[in-house]
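Letters A, B, C, D and E mark the chains as written, and numbering starts fresh at 1 in each.
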Amino acid sequence: MIRPEDKGLKGKEQMSRPKGSVLVVGGGIAGVQAALDLADSGFYVHLVERSSAIGGSMSQLDKTFPTNDCSACILSPKLVEAGRHLNINLMTLSQVLGVEGEPGNFRVRVRKNPRYVDPEKCIACGTCAQKCPKKVPSEFDLGLGTRKAIYLRYPQAVPLKYAIDADACIYIKKPGRCGFCQKVCPTGAINFEDRPEEITLEVGSVILALGFRPFDPSGLDFTGYGTLKNVVTSMEFERLLSPSGPCMGHMERPSDKKEPEKIAWLQCVGSRDVNRACHGYCSSVCCMYAIKQAVIAREHSESGRLSSSIFFMDMRTHGKGFEAYYERAKREGIDFHRARVHTILPAPNENLRLRYSGEDGEIKEEEFDLVVLSVGLETDPEVMKLCHSLDVELDHDNFVSTSPFTPVATSRPGIFVCGTLAEPKDIPQSVMEASAAACGAGSILHESRWTETRKKEFPPEKNVYAEPPRIGVFVCSCGINIASVVDVEEVTQYARTLPGVVFAQNNLFTCSQDTINQMVETIKKEGLNRVVVASCTPRTHEALFQETLREAGINKFLFEMANIRDQDSWVHQKWPDAATRKAKDLVRMAVAKVRGDEPLPYNHVSVTKRALVIGGGVAGMVSALSLADQGFPVCLVERKDSLGGHARKFYRTWQGRPMQDYLEELVRRVETHPEIDVQLGATIEHVEGSVGQFRTRLSNGFEVEHGVAIVAVGAESFKPRSGPWNYLYGKNPNVHTLLELDQRFIRDDEALKGLSQAVFIHCVGSRVPERPYCSRVCCTHAIDQALKLKELNPEMDIFMLYRDIRTYGKREYIYQEAREKGIVFIRYDLDNLPRVNEQDGNIVVDVIDPIIDREVRLHPDLLVLASAVRPRDDVGELSKLFKCTMTEEGFLLEAHMKLRPVDFATDGVYLAGLCHYPKPVEETISQAQAAASRASLVLSRDAVPAESVTAVVNVMKCTGCAVCTQVCAYHAVTIDKNSGKAVVDTGLCKGCGACVAGCRSDAITIKNLGNEQIMAAVEAAMEE
Amino acid sequence: MFYATLEGLRRFNIPHKFEFISVISLYAQLIREGRLKVDSSWNREGLKFTCQDPCKLVRQGLGDVVADDLRFVIKAVAGEENFVDSWPRLSNNYCCGGGGGALQAGFVENRRRYGRVKFDQLASTGADVVITPCHNCHTQILDICDFYGGKWKTTHLWNWLEKALVLDDKA
Amino acid sequence: MEKEIVDLSSIRARVKRQIEKAVPDAHIDYCLTCGLCASGCPASGIEGLDPRKFLRLLVLGQDQEILETNWIYSCTMCQRCRYACPMGIDVGRIVYEIRGMRPREKRPKNLQRSCDLQKQSNSTGIPNEDFVWVVNDVLEEVRQNEPQWKDLQAPIDKKGALYYLNQNAKEPTVEPEEMVPLWKILHVAGIDWTYSSKWWDGANYCLFTGDPEDWEYTVRKQAEVVDELGCRYYINTE
Amino acid sequence: MEKAKKNQWEPKIIAFLCNWCSYAGADLAGVSRYQYPPSIRIVRVPCSGRVSANMILDALRSGADGVLVSGCHPGDCHYISGNLYARRRFALLERFLEFIGIEPGRVNFSWVSASEGEQFAKVAQEVTERVRRLGPARKLVKEIDSCPA
Amino acid sequence: MSSVNEKIAGKIRSIASSLLESGEVAAFLGYTTGSLPGMMQPYVARDAKEAENLSWSSFCVINLANYLPALLKSFEPPRRPNEPPPEGPLPKVGVVATGCWSRNMVVQIQENQIDRNRVVIVGISSRGMVDRRKVQRFVGNREILSMEEQANFLVVKGKDFEEKINRWDVVRDNCKTCTHPDPVIYDELVGGLSGKRDIPDRFRQVDEIEALDIEERWKWFQEEISSCIRCYACRNVCPLCYCPTCFVDDSRPQWVGKSIDRVDTALFHILRAYHCAGRCTDCGSCESVCPMGIRMRLFTKKLQKDVLELYGFEPGLDVETPLPLSTYKVDDPEDFIITNIKKGDKK
């Protein structure tokens, strides 16, 4: 530890070399992602979490929108990874007390609270909790269930170590009174003498990822929360749905444990409420989670009779895939009522009665047996205190203040923020920001990369060539995800009868840390040399289990998965017997296949330390700078003759920051950066190679070798030149798109001041059949423009014709400001579109005001169309070059909607900006920084792992006919000049198997995926 | 009306030396202090009581505190178990429909239509007695009870308080 | 309501502006048209209106309709809508302003008369002497008929009493015996209290007509009386 | 609960699904809880281009009542063009099998992307119905009684 | 022997002997007369003298391309698998090629089985080879002792008969439907070229089967192969079947059982035909050598038809156009693929 007085002359020297470690505060998904990004790109990370386990709010969720992924299932692997990461020092039950120093050189005081359980000794057997006589409400289950005084935060907790709640523990309060846990603990892990400890960490930068807490509606008496038993919050409802929750996923209502048949969701509880909740912001996620809960609740409904109603103000499904999710929910019969309810009324049998007014004013009443309050997100007062003590500025809603151009930087240099601590947001956005914060935190420390990290060593691998197969089968219940449909016990017993299987067992959660650890032991103890896990999909969990094999000293390729959840229990819920039979078949197939598996080498590809960034807009430039600032050379390719992209046309951000000033500075920095080579007027012609070693040819003939690529090619503004969304666009000179009006703002068009009436039409070409997504930015943009017009001429009458106002997050304040300034909002529907006509060259707009149900006629001298953001047509070509996929709408599709928002499924290729989905500039910037962070994971290394599952030639059978060379898209197979036989370059081979299917002679095969193995699986499928 | 004076003093910034209190708060205070001794044993039949929370006194006046006082007094007077609360209640209770001058303004049909909500709410409590600590509420609730065929008795609190009074060495 | 085209070549919304001038925190424009008020209001549907429609007419400048509708007398200004309104919009307050905008002759006669009477003395208009007489008469009767209450008090204009008690005009007018229980209660508790012989009425209908001057006048009078009597507490029975 | 009638014959169908699109689509069907008959046995292959005629015939020989091969839509192949080579192989095989008397519907091909969970469920449903209409496949299966006991 | 054949044979002999004489080729692959009437044998002449044994007739039914790779290989010095090939040119081989043989050679060149630089192709436009079985059918059970070829007739003689048969009536099916009788590649030409033939119903046999209903087709297929004895003559004679280990012999993986069970036989024929998809030049050797008279050409012909129909491709016409299964077009037909089941309808 360096004391301040020691600094002197030496201090300066030390300042020049920053610390190589980072503090991440908060172990939710954002904190975990930031920690993983940093730890994987050369920094040592201290991850401090207040509770006894990481996972945060996401671990409490049942499912996540819009993919309905099981939250725990997708989160677990990340938590386990963070928990096991060699370069992450996980400090649970710990609090940051203070941070001193400056960027590159912070000293952090951390208080480690006692766990009273020695984590080295605890095997999480649970005997202690069984014996513990003290029951207290479980905070993880929000008090709906109980836990003991010695407890695990949740079943898949990381670290999977029990902890004693000192406030509840009988012994700690009165030593000598209880102490059962100590008596029964088989490993002697209980340590009542554990004391708080204060330690000092030296880090170079800090990331705050402290998350949110759900709004507590107890203060809103009209909700009846706390009095009417069957009124619950959305977070409580997540626990009611969750298989690990208080009713094991059976969805029981609190009053009588009966399954509800009619549930209502009330939106905006604690959000968009300046009166009672004092939260004027929109919590951004509630609309989607309510729809998700409504959809999922139906699946949970055993009676199958569940009806779900959602009462809302504006439906805010503004994210990628959200609108489609909403539409599907509507199709599937979820009732959506555009109405808010004043008071939840009691009805007989503890039911609840909702009285609401239709948009037309008609009063209706409906009875429900459960009401869920869609509560908003707010900052925990404890967190506010910490931020104050860290000198990190909060806004008036107590979120951390950020600026649109530095979206993850706090007011204190060297301290970064991500996730919901800065503004309510969904998981992908939080994950994106986490990577962006990691980029920021790592950026200032890049000189010290790899100076404080350690390297993972696996035990030597056992040679299994000569051994007969000894297969272990692990059958997962996945809570009840599998076990509620498939008879997992029967499957486990059946597995034991299969040839080569010497061990089989059933686990509640095979991916939980304890099962993983136990699996390592089992492999060793039973001398297993092949493993089959029957659980979920290998697409998410294969890597985790493969690493487990390595830890047990087994080559990771001696592994197969049987997908008995996603492709069995979840899709055959009504046929449990058949699903069980199918599960057996799947296990038998996996066992048949694993028998033929052979150990494979772990291949590597050396990394060309250069990034190719495609697109010279804000996203591209920010990614380029973020990488270049870390010392990585970048080739930035822009198809136009100048940098700037879409942002050239923007007047200002919704926070009022002028865009062109920012852009000018950004362009200057890019153009003068020594590490950035800008290629203007060029497009991508040809790409070959793969992660670590790409070679790309540009249209100008320039060739670039690079290790990674970031695609940031932007999008276009939809111009409704004809068709139903035309609204006189291109026909009357006073009809503009948003960007066209921005142009007028940019050039200070005086004529705007003279206007007397302006009308904005929202959703022009968005949320319509041909473009069924929400363009996310237009509501905010249009409202900001309306405000700008009001600035120019306060007397101007302005009307906004909208379908739902989607000013999510803090943007809600400009919506409020707009109303305050007298801007009138009139809602319209697709079946009641505004009609725009011309009378003597003047624009006339007719629209029906649904509240008074009367036709309103407007006479604007400016009509602004908030038109859609549409994907560029040439994105398809580019995506093919990089082997990336696209959504149905034509945006680029990330590897995983929730947890890999800037990665492509193709390794080493990342995306940022509008080509991913419409988004405002602050999100574009954070995504660009996130992409840079992800890219630095590759660039910071000398070599990255390459495909092991590659093609291999049997020269005895090869005729040299060269079909394989012709069908290989990677030029990985060639005919050897000497032998005349095919040879495979394993560095290039991706293991697709096109060559195998093309070969008539069975002379080429894929390792561990040969014809014989596939035949074995197929034949196994047919045995009964 | 409580609010008329309370808000009048505040809004027009009228100078005054006194403290403006509600008789309900006073009852509660006196009972708590033991200055008023009450006994609910008179209520052998177990008459069920509920109450109206006058808007002017509760929501617009002193808030949930006075509404809680009201319940405290009724429970003391009629027996804890004989109080049936309504929903919504306290500061969130419905207006009876007679307020705001509605009783004076005419529009009887409208007033009763408004009062239907109050009627249904009170009727659903099954109470035998509805305590109305405000004359407007009293008149309106009497009227809707009669008009919609309610079976309860609409009264002021003082009648029952008087009934429950324990008079020291008076007898 | 008949459907006519609302032509908004420019929004005047004079009524709205007038209210905003009088009540700077009225926040009429904050309305999200979420319908929470309408769902909770017992007056929803009366006269074809509800709080949300009412606000909407204001926002869209349908001033004539606003000034003419009698819905403003079905709204009891109870402020329950405001209680839960996410924007805290005070429809009651707005209604108050609009009631005040009506010419007196177009206001409900009885309501205006109650206020006018109140400005003279009390809302029923019985002379103050009658009130004093009734109180004393009833008191005398109780003292005589109920021996245990022979000491019962009903002081009027007792200077320096700790408590001032107002009296709703209904009892002395139509059911004088209803005054007695409270006297007894106060008596048992040993409260030192007094009525006033003027401005004794506990009700105040000038709150409902919409004229702040009238309201102010009546409250001011009450306050003067109480301070004159030198009471520390003013007990309101409503 | 068991809706499938006891006496209703449930075919067994081998589905070769490419890892990147159709297998992911099948996962998504699960994640979205789209229900389809429990007749499909999925064999995960890296790419539809990995699937040869031999594999399809082997499935039928092994007793599968039907075969489904599903890959990425043209242009979406994770391996650029595997599905396009496969498309030619499958086109010829499909026609050939029909030529020699293997019923259309025994061997099926589809494109299902990673985002088409519902589509996958529908394909599974459709293929199951096709195969169910055809009844058990015996043409390329050795008769049991011809084997020595 | 007809004068046509004599002329051709003479030309072949002279070309062969001069090639051998000059040392341009180390061997010359052609035909010699067999021991039985109407039987011609492939023959390798290694010097000018042996070249005199070369002959030609309408009975040259075996595709000489089948022997070419092995013959070429025999002139390469032995070397270990990874040893570089010897410096300098290797000995060449001369070969006689009709239309289908030459097309077959093109495929083999595309598939690296023949080095074009090492073959001297003596092209002959085919008049169509005669199907001995058809001739036999013509004369019934009677034993044929000699067959004499005239320009357009065959004179078949037996112990007590003599039949004059219209030659075209007994020409093989594949030759009758041949559209490219001329050699597509050659170094020397014997006789003239006859040009591309337009055969409107070249797939008539396939069409007829296609017209049957599904069960009839299965019945036909089963009957067609029922007599198969798995002798693999068809495979052995096919120049495109050059795998070192044929799938029928392989046990890792074992795609097909080795028995003559109907299923094993069916799979053998399906896979054999499928392996020829897009490659078979319809030389007819397989049928010609089948001892059981199985018309396995129908299978390959079906594939040939589909390849032409779907991809507009005929094998062996040039060495540049890639083989159909080694290439693709983005807009290849895919109506057989389930792409979109009506959106939005949920049960």
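Note that a residue touches a chain if its C-beta (ideal position, glycine included) is under 8 Å from a C-beta of that chain, and two chains touch if they have at least 3 such contacts.
This one's a predicted model, so the numbers in the text were calculated from it and none came from an experiment.
*Asks:* So if I look at the partners of subunit B and the partners of subunit E, which chains show up in both lists?
*Replies:* For subunit B paired with subunit E, the chains in contact with each are A, in label order.
*Asks:* Averaging each chain's C-alpha atoms to get its centre, pick out the one most distant from subunit B.
*Replies:* Relative to subunit B, the chain with the farthest C-alpha centre is E.
*Asks:* In terms of C-beta pairs in contact, which of B-C and A-B ranks higher?
*Replies:* Pair with the higher count of C-beta contacts: B-C.
*Asks:* Hey, which chain ends up farthest from subunit C, C-alpha centres compared?
*Replies:* Checked the centroid distances; the maximum from subunit C is E.
*Asks:* Which one of the chains is closest to the middle, using the mean of its C-alpha atoms?
*Replies:* Checking distances from each chain centre to the full centroid gives A.
*Asks:* Please tell me the distance, in whole Å, between the geometric centres of subunit A and subunit D computed from their C-alpha atoms.
*Replies:* 33
*Asks:* If you average the CA atoms of subunit C and of subunit D, how far apart do the two points sit, in angstrom?
*Replies:* 78
*Asks:* Nearest whole angstrom, what separates the Cα centre of subunit A from the Cα centre of subunit C?
*Replies:* 56
*Asks:* If you average the Cα atoms of subunit B and of subunit D to get two centres, how far apart are those centres in Å?
*Replies:* So the centre of subunit B lies 74 Å away from the centre of subunit D.
*Asks:* Could you list which residues of subunit E touch at least two other chains?
*Replies:* Within subunit E, residues 247, 253, 255, 325-327, 346 contact more than one other chain.
*Asks:* Mind pulling the residue numbers of subunit B that touch at least two other chains?
*Replies:* Subunit B, residues with two or more chain partners: 91-92.
*Asks:* Find every residue in subunit C that makes contact with two or more other chains and list them.
*Replies:* Those would be 45, 80, 83-84.
*Asks:* If two chains touch, include that pair; go through all of them.
*Replies:* Every pair of chains meeting the touch criterion: A-B, A-C, A-D, A-E, B-C, D-E.
*Asks:* Under the touch definition given earlier, write down the residues of subunit B that touch subunit A in their complex.
*Replies:* My answer: residues 64, 87-88, 90-92.
*Asks:* Give the list of subunit E residues in touch with subunit A in this complex.
*Replies:* Within the complex, subunit E contacts subunit A at residues 81-85, 111-113, 242-245, 247, 250, 252-253, 255, 275, 322-323, 325-327, 344, 346.
*Asks:* Touching residues of subunit A toward subunit E in the complex: what are they?
*Replies:* 331-332, 955-963, 966-967, 975-981, 998, 1000-1003, 1010-1012, 1015
*Asks:* Which of the residues in subunit B come into contact with subunit C in the complex?
*Replies:* 1-5, 7-9, 11-12, 14-23, 26-27, 30, 35-36, 54-57, 59-60, 91-95, 97-102, 104-107, 110-111, 113-118, 133-136, 139, 156, 158-159, 161-162, 165, 167, 170-171
*Asks:* For a test of understanding, state which residues of subunit A touch subunit D in their complex under the given definition.
*Replies:* Residues 67-70, 299, 537-539, 563, 565-568, 570-579, 581-582, 585-586, 589, 876, 880, 883, 885-888, 893, 905-906, 949, 967, 969-970, 990-994, 996-998, 1006, 1009, 1011, 1014-1015, 1017-1019, 1021-1022.
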